[in-house]
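Should a chain be cited, it is by its letter among A, B, C and D, assigned in written order, with residues numbered from 1 in that chain.
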Amino acid sequence: MPRVTPMSPAPVRIAAAAICGGFGVLLARALLALPEDEAGLAPLIETNLEASGVKHPITAVLLNFRGYDTMLEIAVLVLATIGVLSLTVARPGTWAPVAEQADPVLSALARFLAPIMLVVAGYLLWAGEHAPGGAFQAGSVIGAAGVLLSLSGYARPVWVTRFALRAVIAGGFVAFLGVAIGVMSAGGALLEYPAGSAKTLIVLVETLLTISIGAILVSLFIASASPAEELRRRMEENR
Amino acid sequence: MAEWVTTHLPALVILVPLTAAPLAFLLGGTLARPIALLSALLSQPLALALAFTVSAEGGVRYEIGGWGGPLGIDLVADGLAATLILVATVVGLGVTVYAWGYFADRERYRYFWPLWLFLWASLYALFLSGDLFNLYVCLELVSMAAVALVGLSLRRDALLAAMRYMLAAILGSLFYLLGVALVYAAFGSIDIATVREAVRADVTGQAAFALMTVGLMLKTALFPLHFWLPPAHSNAPSPVSAVLSALVVKGSFYILVRMWVDVADPSFVPGSAALLGVLGASAIVWGSVQAMRQERLKMLVAYSTVAQIGYLFLLFPLVAGGGAAAADAWVGGMFHAASHALAKAAMFLAAGTVLARFGHDRIAGLGGLSRRAPVTAMAFALAGVTMMGLPPSGGFVAKWQMIRAALESGAWWWAVVVVAGGLLAAVYIFRVVALFLGREGAEGEDADVDAGRSPATMEWATLALALAALALGVLGQPLVELIGVGAPALVAGVGP
Amino acid sequence: MTLTSWIFDIVLVGTLVWLAVRVLAEVKLFKSVVLYIAFGLLVALAWVRLAAPDIALAEAAIGAGITGALLLDAAGHMRGRSQPYASASDEPSAGGDMDA
Amino acid sequence: MTTFAGLSQTDLYALAGAALFVIGLYGLITRPHLLHKVLALNISSGGVFLVLVGIARRVPGPVPDPLPHAMVLTGIVVTVSSTAFALALAKSIYTETGHAVLEPDDLEETGEVSRG
């Protein structure tokens, strides 16, 4: 039995190398031709930082100046999760823990680490207002904690009903959308926080996003890690 | 209230489907369909109102968050954006009504509705976006929803097609994002209006445009980067195929037009217009020849999309010279985008009805369809009229404008391409239509398998879209005027 | 910027590129994934060097953490029985007839 | 900003980003296994992010431009979403066809591998 070649045939590789080389040269030339010390929009962000309601410029960009991007990006997360769900099985309670028999070391580790990670996430969320941190980082730490828990067999009880699952996935996005539209009733534009309440609303949105990003990342993992047998069985049902 | 709606019109256009999408997902089951229909119906007056406002005021700008570009993100609507939104709205309604019947009682397609509403919302967001990075996020939304929809049937071929599409789409996005990074580095902004003022043809700027263009060509499936399109568009559930061919490929094309006609002009990178034109012409020939060779109806329609995308790219060499020719080409190109969207959606929906009813879409087995499914056969034939560019269809107006532009600018060879493309389309469409009108197919067994009449929503939605494409030719003058509103300087020369 | 930090940057960048090549040249799926996770951690280090602590935090948690878990899960899934393609890669001795 | 052999730190990382982008591109084209393709895309996006953060570093002063950083944070979340979905697709394909490649039929037809 001949071994499978894990590479494409030589002509493809040569063509690919030529294409990649071309793009590499193009990119390198473009990057080296850049003027040194171009300020971009940094001064503008700096000037408006005061009005944004938060002190950390990246949080100001993500949650206020370009909050619309962030809202759509949460939509990307929700969409990806719906996509994964559409490929797997979303029946209530059918998600087996990833590890059938949890490794005792792993589960001890998870029990030890998960609470610490939650505290870290809380800190990151709080710090994001004035220092590195924020909803993304906090959410991803929660996500990582959840993945760790699910690897050691603790995640299943979370997914009780189908509606609860959907609520967890879409909840953060719907809430963000609610805030974005809600402020329109105060006379501003979409996502225009009324003067004075910017900080409160940003903290609210960030908290919701942290929970939602964390929950989505965990469900992305659990849903996509759902057993192949389920999928196969479902395929056969559909035949 | 009315004043509030007017103030927030561009945002509301996006917000309606964007709110409906998670609701359709959350509430799921039986409520998803009514939510989608309600959203589709609400979108109609909003899109019309936007078109009227744009016409009246010459364009609309909406500052999200109240910051204004380049610090914040602006929604911008000119004639071009309003036109495409109008097209997306009409096609969207047709597809929603069709899908109401098509996905009537299929539990496993329950994710169709939220995915479709997300896709719809992200297309609106894309057409209205005034920011290059925001466009990247919109592109990702569009791709993610589109890929998930392609794989929805979980059939083996659909999964493979979705995967191929996914890889191409992500790669396209990365190229685009890299271009955006270089634009920011070179011109200090990602707000389109600001970049337009700052743009200059230096090494970095040109590389940025080259990278973005490659990414968007891949996403638009311009020959020879079309490899992912025929399997994806033909293996998707038919309402999805309709949306992909009619609207999704136009999303990335729209950004290309923004870049090469609005932000900069084709002289920004010497030779770029000619290159895009040649690729477009190759797409027309290659796609048509492949369409002739297909044995399955949906594959034929999918390759026809590869060919029709080619016409869109003739826009670039035709507008490059500016003046009256550019103005004609502008109307022609955009009119083509509109009429192709309507007609191609009708074709895929017709193919879907055939597939749902007879369990196959082998062309050879579809003889005599005009007697068994007259409305569907009629819709396909009428859509074919637009596709070939025969009068009085919208396709005719589009091709006529392009030919005029080619002759005005002395580049007669593009006119030859347009005419030849129409003839090639006639060959593959007449082949199908002649079969429909002919006797029952030679494949006797197929004639026996007949699930019976399709739901009326499916048949009539298809016919309505085909008629709309036809009507564009007769009643299209308002659209011609809308396309010209606030048109970029290059193509705003002398009116047609 | 001292010479030491320059050397550090060059070594870091060199390792990143080398790891990227290794990830894609590696025949065994698991090795590829593990190398990729190492790559992700080094990218996080690069963010620190570029004064981007926000990104470093997100990269460590998402890039190396969650993506790593997803990839490991996928690699495990695809290595299971009757996987001729990967088994041919993973098991140098046999072709695809291992579980026939 | 101190330079070394004409290169600044910014240039170094940005060029590394460019290198990673094309390495990923090469891998995407030449490696048939879907997992490798997904890895290749992840490497490419890492490259794009390095270019962006390299660009952010060009601002005079110790604090980099926050805008590209925000773009990268958005990009990282988008990338993990698409990676998760692409991997789920790849696994479904594996379950359906027994192979994790785009053209499983070619593998069987050429007789390079046989199914177990």
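Operating definition for what follows: a residue touches a chain if its C-beta (ideal position, glycine included) is under 8 Å from a C-beta of that chain, and two chains touch if they have at least 3 such contacts.
Keep in mind that this is a model prediction, so the values were computed, not measured.
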Comparison of C-D and A-C (more C-beta pairs in contact): C-D
Chain centre separation in whole Å, for chain C relative to chain A (CA means): 20
Separation of mean Cα positions, chain D and chain C [Å, integer]: 11
Intercentroid distance (Cα basis), chain D paired with chain A, Å: 17
Centre distance in Å when chain B and chain C are each reduced to the mean of their C-alpha atoms: 38
Junction residues of chain C - those touching two or more other chains: 54, 58, 62, 66, 70, 73-74, 77, 84-85, 88-89, 95-97
Residue numbers of chain B (touch at least two other chains): 133, 137, 140, 144, 147-148, 151, 154, 178, 182, 184-185
Touching two or more other chains - residue numbers and ranges from chain D: 1, 19, 21, 23, 25-26, 31, 33, 36, 51, 54-56, 58, 63, 67-69, 73-74, 76-78, 80-82, 84-85, 87, 89-92, 94, 96, 107, 113-114
Chain-chain contacts as defined at top: A-B, A-C, A-D, B-D, C-D
Chain C-facing residues of chain D, complex: 1-2, 4, 9, 12-13, 16, 19-20, 23-24, 26-27, 31, 33, 35-36, 38-40, 42-43, 46, 49-50, 53-54, 56-57, 62-64, 69, 72-73, 76-77, 79-80, 83-84, 87, 90-91, 94, 98-101, 107, 113-116
Residue numbers on chain A that touch chain B, as the complex places them: 23, 26-27, 29-31, 33-34, 38-41, 44-45, 48, 64-69, 72-73, 75-76, 78-80, 82-83, 85-87, 162-163, 166-167, 169-170, 173-174, 177, 181, 184, 188-193, 234-235, 238
Chain B to chain A touching residues, read off their complex: 8, 11, 15, 18-19, 21-23, 25-26, 28, 62-67, 70-73, 108, 111, 114-115, 118, 121-122, 125, 133-134, 137-138, 140-141, 144-145, 147-148, 151-152, 154, 178, 182, 184-186, 188-189, 202-204, 206-208, 210-211
Chain D-touching residues of chain B, taken from the complex the two chains share: 133, 137, 140, 144, 147-148, 151, 154, 156, 159-160, 162-164, 166-167, 170-171, 174, 177-178, 181-182, 184-185, 190
Chain A partner contacts - residues on chain C that touch it in the complex: 27, 53-54, 57-58, 61-62, 65-66, 69-70, 73-74, 77, 80, 84-85, 88-89, 92, 94-97
